[in-house]
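Have a look at the structure below, then the notes.
Here the chain labels run A, B, C and D in written order, and each chain numbers its own residues starting at 1.
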Amino acid sequence: MPVMEYIEAIRTAMKEEMERDSRVFVMGEDVGLKGGVFGTTKGLQQQFGELRSIDTPLAESAIAGVAIGAAMAGMRPIAEMQYSDFMFPATNQIISEAAKIRYRSNNDFDCPLVIRAPIGGGIFGGLYHSQCPESVFFGTPGLKIVAPATAYDAKGLLLSAIRDPDPVLFFENKKCYRLIADNVPEGEYTVPIGKSNVMREGTDITVIGYSMPLHFAMQAAEELSREEGVEAHILDLRTIQPLDREGILEAAARTGKVLIVHEDNKTGGVGAEVAAMISEELLYDLDAPIRRLCAPDVPAMPINPPGEKHYLLNKDKLKAAMLDLAKF
Amino acid sequence: MTQTNSVTNDTRHAALGLTDERVVQMYEKMMLARRFDERGQLLQRAGKVNFHISGITQEPSQVAMAFAMDKEKDWFLPYYRDYAFVLSVGMTVKELMLSLFAKAEDPNSAGRQMPGHFGCKRLRIVTGSSPVTTQVPHAVGFALTAKMRGESSVSIVSFGEGSSNQGDFHEGCNFAGVMKLPVIFVCQNNGYAISIPFSKQSAGKISDRALGYGFPGIRVDGNDPFEVYRVFREAHERALAGEGPTLIEIMTYRVTPHSTSDNDMAYRTKEEVDAHRAKDSLPAFRSYLESVGLWSEEKEQELQANIRKELDEATEYGERAPYQAVEDAFRYVYAEDAEAGEVR
Amino acid sequence: MPVMEYIEAIRTAMKEEMERDSRVFVMGEDVGLKGGVFGTTKGLQQQFGELRSIDTPLAESAIAGVAIGAAMAGMRPIAEMQYSDFMFPATNQIISEAAKIRYRSNNDFDCPLVIRAPIGGGIFGGLYHSQCPESVFFGTPGLKIVAPATAYDAKGLLLSAIRDPDPVLFFENKKCYRLIADNVPEGEYTVPIGKSNVMREGTDITVIGYSMPLHFAMQAAEELSREEGVEAHILDLRTIQPLDREGILEAAARTGKVLIVHEDNKTGGVGAEVAAMISEELLYDLDAPIRRLCAPDVPAMPINPPGEKHYLLNKDKLKAAMLDLAKF
Amino acid sequence: MTQTNSVTNDTRHAALGLTDERVVQMYEKMMLARRFDERGQLLQRAGKVNFHISGITQEPSQVAMAFAMDKEKDWFLPYYRDYAFVLSVGMTVKELMLSLFAKAEDPNSAGRQMPGHFGCKRLRIVTGSSPVTTQVPHAVGFALTAKMRGESSVSIVSFGEGSSNQGDFHEGCNFAGVMKLPVIFVCQNNGYAISIPFSKQSAGKISDRALGYGFPGIRVDGNDPFEVYRVFREAHERALAGEGPTLIEIMTYRVTPHSTSDNDMAYRTKEEVDAHRAKDSLPAFRSYLESVGLWSEEKEQELQANIRKELDEATEYGERAPYQAVEDAFRYVYAEDAEAGEVR
């Protein structure tokens, strides 16, 4: 199995699916000749032409809205938002339209749409090129939301998302694009939407999260294992809506000590729901209060390097929190 | 266009390529929509339904625009006053009544959405919502799909003049203009957005906005359904010829309050309303048909009797029909056979 | 103290504040001669003229965006969204702009803006005239969010919101408008933002919530007291951002059994954060798992009466859940 | 306007009411912006800063528009290429360097925001963000405030032609049109939005859009700063006279890549860029000044020396200045004295 970069896994998924299914196409700002500002759609316009790799005007509500129309008309659009920070102008189309089309039409219409958007900081992008907007869309019934941490999952989840009969928000982490590379099988495979994945087995503490911070958790876990004999059980949610209730409860029960991590700010984040779920079902199996390690409740990270570092999670912050929990 | 009827090309409708049969149908649809609408108001006043929203006096132009479309191939994205439009493309009064009574059999939403929220795939009517103007980019998406697939299909989307001030109008029009897509944008300018008169809504002409998107914008008198028909035929032809979108602003007037929840006398006068009601083009359309020998008092009475019967039956049916079972109230948030569909 | 309807309390707050402070004005769709679709702004245009009670074009992003500009320029705008369902087109202005102006300018600019929006169902408004959009904006640092349940709080919180130096979303419940009436002092008083309120003292179970459902809880509590001897402690959050951590923990500790209620759907709602907070700090004081009673995770309520009833909370649903928790 | 200088009304600048002193200042600001911009590029290439975004060749028109405004009363809502504009209304090169190096003393954001995100209340420059076009309704809000307070103040807001396709452009323009507010909307049409050429961005002329909002729209050649100045003066006068907004589309060209992160050769040719670079109006402005006897080779050398010195000092200052302390990184989410402010 070849090792592949996370960004390449995303590109490959789109390319292969466009080859397989003529209904699939991409649209967004600069997705054509430029191949997207991160290079995610590179080569697609050359291979599939301007009508299947559409450079759109600079208008996110139209990108979402036109894609929704095309999805209702029977196509399988992949709409790219250049940065997740810039998908807010499309909120109304996503929440009022995409999420409600099947329900409001009593199953007469559907909206098989994927919206891809890069999340996360660490590229000196400052307030508006670094945000994690998950919590804005999380909790909107009718939407599915995935956020892969590995190249394998990125490809498998994107194929599932494209084939899913309902709208899926695909939050790719821009810091993972070239930093994360792992084994990706050639050809077609899917990772099911709604199923979490145990990244590491452990007995002492459970870390639950999604996207980039899991890599910090994995590094911290290796060190804690070597240095402290602490074995962390690490669960990658992969899908944040619908949450994998069973997987979460099983992982939490495994150690009775839960640390939830995400880069989105703490209050009202996905972690709150995970904590609430556990406290609703597993209260008597817990050996420690449920902890969350997330971004601080400030509007977003500053661009200056010390400020950005202060804001972001990293291995050391994870390690300290994990050790502290293990010692509880 | 071939003329199969006795009437010659001298008549206005024949000159436009409308057969006698079609022009009579147009009148029948206008009248059907009018009577349905009036019934809706009555039912609300009688406390049988909670809410009705009216399209009275907008029907003639709505029918004209529908008759210019291709029912088999085009896609329709109406707005909440478009009863005459949806009736013209195939929805029945019974179906509208099921929606008004919010019953399970309502094809629009199984009684989930408010009346006036149309949607029926069988009739190529695209499901709509309440936040205004979101349907504009959707129509562009349908047109984009037609272009991608090389299909001869046009999408047509309506909205009010107030709604044309939403960002989605701008973004949708510009997108369609750049890609020269087969879509017709229809602004039904009835002078008010709830209580806000046009003068406080926009300082320009809505039709002039097309210029900035690189396609034609036309303002047409909604009380002249033949002229409405003509501009829509042209727009339809342009769309099919690959020449791109058209924006059509239909000048009309909202003679009713915004909805049954509104008291319009708080913000306009009875005189103003009456002056506009006098311009209602439905009686004029009848006179026209009579003048070309296609209509008579007898036919009128027969039509009214038929409509009354149809409405009575539909009302009774709608009233008696069951609501969606509560077990089903929460279904279809997601596809129920999602798993099955994974790899096609 | 005169008994006043909830809607009248809101109107009075605006009127009095506009009399007191010439920087305060209202803007929105139909707020002028019509006085708003619910009548909340009735009389303001007559009293203060067209420039301080501005009928805007039908464009929510402009309503928010123009108000933001005016706030930065030193005014104190109150922007009305006709229904909270229709504030989604303004999401970008609210989240990217209002919430971040002070932070991004390092305190050079501020945005003292109030956005009022009616939430909640029960008026046969169907999918788009009934929603509770709290969770979309909750968790966005930089915003404050209040949601009064009583006429007293409606007036007092609105005065605080107008005077607050930061943007405040004021979620008024449309079902409360004419159903809820209580004692409202004449003249000026404020209810502090960020402080919850004990509506009822009790020893057996704690109910935490905000807005309309609290009235069901109060009714249920009276019945449970009479019929079952169960005494419920009821906490009205009043402000949902920032949450009153202290008040929440105190109320939870009081009985050790917590039921969180809101009309917004369950997953990702404010209740998740309240549960997470409690499970983070009070785990060992709990005598029962933390429960949430909220709207189901569907896009919104149907318009047909049985569907709407099935969807909404009511006294009986609250009573059953409260009794069940008391018996745990 | 009174002419205090020796030059007569025959010169182009005098005819426009610009004194000799002011027209020379204009040139100095253009050159200062150009050199700052070039230095920014160098610093990025040298790895001293992460990112720079350039406004090269847009400076002459930016200076012209700034000089048409009233620095004491107007409100400025620039966009990220507006270095020459903000320098003209009073920001210093040192302040820009502090922003480029993201340092605590940066008046725009204390090094929180990316460079090019201007904001400084003292200079009446309104804080801006990255999501494009959100500043358009803000400018309308400032203009509304001026109208409410009866102040003689105009707000002016810039954005790119790509950005003019956002819903906020439409909603903001329409709002200002209806209320006849004193605001100038400036579209700096530089032909590209990152990789998207204007032909794929819009099919119409941006300036034509004003028609649909009921106010004048003017397209002006950005390489003719005098003409730019003239149309802005007129727009400013209209605004102050209560005649409402103006939309001005400045035709220019982006000769640099979108930013230092962009490789523009993926989507356009060197020939195209070179052809436009040749139209740069900065040398032409110098020639003009020389032709009217206001400039010389000596003055040029002195100017360049001064600028170099200013830039060197600013660079060094910016580089050495401290970052905002991490204890302060999370401050100012909310007012810190909120309690105190309760009842005023």
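What we mean here is this: contacts are C-beta pairs under 8 Å (C-beta built on N, C-alpha and C of every residue); 3 or more make two chains touch, one makes a residue touch a chain.
All figures in this text were calculated on a predicted structure; none of them were measured in a lab.
Of the two chain pairs examined here, C-D and A-D, the one linked by more C-beta pairs in contact is C-D. Summarising the inter-chain layout, the chain whose CA centre lies farthest from the centre of chain A is B. Note: centroid distance chain C to chain D, computed from Cα atoms, is 41 Å. Per-chain Cα centroids separate chain B from chain D by 46 Å. Measuring from the averaged C-alpha position of chain B to that of chain C gives a distance of 37 Å.
Looking at chain D, residues 112-113, 117, 129, 131, 165-168, 170-171, 174, 178, 200-202, 324, 333 sit in touch with two or more other chains.
Of all residues in chain A, those touching 2 or more other chains are 57, 59, 61-62, 85, 88-89, 92, 96, 100, 103-104, 127-128, 141-142, 297-299, listed in ascending order. Remark: chain B residues 165-171, 174, 177-178, 180, 199-206, 208-209, 211-215, 244 touch chain D in the complex. Partner chain C is touched in their complex by these residues of chain B: 50-51, 102-103, 111-114, 117, 129-132, 162-163, 165-168, 193-196, 200-202, 261-262, 266-267, 323-324, 326, 329-330, 333.
On the chain D side of its complex with chain C, the touching residues are 75, 107-110, 112-113, 117, 119-121, 126-127, 129, 131, 134, 136-148, 155, 167-168, 170-172, 174-175, 178-179, 324, 331-338, 341-344. Taken together, the chain A residues at the contact with chain C in this complex read 61, 85, 88-89, 91-92, 95-96, 99-100, 103-104, 127-128, 135-142, 241, 243, 265, 267-273, 275-276, 278-283, 286, 288-292, 297-300. In the complex of the two chains, the chain C residues touching chain D come out as 21, 25, 51-52, 54, 56-57, 59, 61-62, 64-75, 77, 89, 92-93, 96-97, 100-110, 141-142, 144, 160, 163-166, 188, 190.
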